[in-house]
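Chain nomenclature is as follows: A, B, C, D and E, assigned in order of appearance, with residue numbering initiated at 1 for each chain independently.
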Amino acid sequence: MKIGRVIDSIWCTRKEDELRGLKLLRVKLLNREKESENGEIIVATDLIGAGIGELVLLTNGSAARRSEGLENAPVDCIIIGIIDEKNEDEGDIHE
Amino acid sequence: MKIGRVIDSIWCTRKEDELRGLKLLRVKLLNREKESENGEIIVATDLIGAGIGELVLLTNGSAARRSEGLENAPVDCIIIGIIDEKNEDEGDIHE
Amino acid sequence: MKIGRVIDSIWCTRKEDELRGLKLLRVKLLNREKESENGEIIVATDLIGAGIGELVLLTNGSAARRSEGLENAPVDCIIIGIIDEKNEDEGDIHE
Amino acid sequence: MKIGRVIDSIWCTRKEDELRGLKLLRVKLLNREKESENGEIIVATDLIGAGIGELVLLTNGSAARRSEGLENAPVDCIIIGIIDEKNEDEGDIHE
Amino acid sequence: MKIGRVIDSIWCTRKEDELRGLKLLRVKLLNREKESENGEIIVATDLIGAGIGELVLLTNGSAARRSEGLENAPVDCIIIGIIDEKNEDEGDIHE
């Protein structure tokens, strides 16, 4: 799995039928120790209510279609958890 | 999923039978914050009528064969949506 | 498969139901000859009791759901072994 | 899918039984706008008669085993088309 | 598929049951034209008797579980062939 931070949502007026009703979020991957190494931006489906700015856990590939309601969706990446960020005086996971 | 912009289409006179009739588009991935970081160029199948220059949503792997008519096609990447680009005065997603 | 070193664990209060009870570890990949080339940080599920600082063997994709209890989990990476590190006078695999 | 140019063929005297009779070609990926950015070299199976120097379309992963005769082969990449290159006065796709 | 050179073997005393008896080799990928561009180091299972220093052909993903005895193993990469290296006066594939 990978860690990322939600940037914003995107909209597609024209799309595959199986994509209807699915929330699509742009997420910046945080997979490098140095924040300066530009993280890749990907798009993930969200079923658990992630908000902009939140730190999320992402799963890729066929694992993304294990969730109820996504069995037939043409998605290859979903948000499976909102990561609990540590208090500032303990040190953040990223930043 | 990934975001990309359609460059042009390609043609294959000699090809696998299961590829017949499928539209093949060259797409430049927009998965980096800095446009200067050269995006990778991939080829995607399109069933929803994407045009050259349009911003599209792409899915990879076995997810690409979830669509009707592609179950047996040897494809690993398809366009699943045309992304609505924001108005110029609101700021574009890219550029 | 890939080799990595366990950094720490992460917690998700809000998550997919199928993720409940699974241990999630942040792991730094050691897939480059030069340690200075920053290794990617990923998140893996662990069923064999890997500890922080240990050198582990990771498997990706659908292979990650071959283990008992993970058949329906939305995971794409698990720890499948703790690598025996050589004695210091023989030379370590990494470092 | 990805675009690549066939470099040469490779031979394996010792190999998996399911690999017997399969043509194996080394292919340089052309997935960057700048030719100077060194393309990755991969190995693909070929069922449609691609020759050295030809521009080919490649598919990866489970899509590579959709073709007749490859259902049980341990291959993760095949050539699915020979790309028609434009005339020199129209400009080539690459070069 | 990818080409790599076997570096050494690794041992895991604690591991998944399905991994028992499987030979695990560290392999340096040779997927770049310039040897100086550091090849990624991965771990592959070997059923055909590859030795240290040999040039091997690797397959990834679900293709790695097509071989007899690996159907339920949590492996994502196996060696499927030993590549015949050309004579020195003909020029090697690599080096």
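Just so we're on the same page, a contact is a pair of C-beta atoms (placed from the backbone, for glycine too) under 8 Å apart; a residue touches a chain by one contact, two chains touch by 3 or more.
Since this is a predicted model, take the numbers as computed values, not measurements.
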{"item": "Fewest touching-chain hops separating chain A from chain D", "value": "2"}
{"item": "Required steps from chain C to chain E (each step between touching chains, minimum)", "value": "1"}
{"item": "Joint neighbours of chain C and chain B, given as chain labels", "value": "A"}
{"item": "Copies chain E and chain D - interface residue numbers shared by over half, same or different", "value": "different"}
{"item": "Chain centre separation in whole Å, for chain D relative to chain B (CA means)", "value": "20"}
{"item": "Mean-CA-position distance for chain D and chain C (Å)", "value": "32"}
{"item": "Set of chain D residues in contact with two or more other chains", "value": "61-62, 64"}
{"item": "Sequence of touching chains round the ring, chain D onward through chain E", "value": "D, E, C, A, B"}
{"item": "Chain D residues touching chain B - in the complex, by the definition given at the top", "value": "1-3, 30-34, 37, 47-49, 57, 59-64, 66-67, 78, 80-84, 93"}
{"item": "Touching residues on chain D, where the partner in the complex is chain E", "value": "10-16, 18-19, 24, 26, 28, 38-45, 61-62, 64-65, 72-77"}
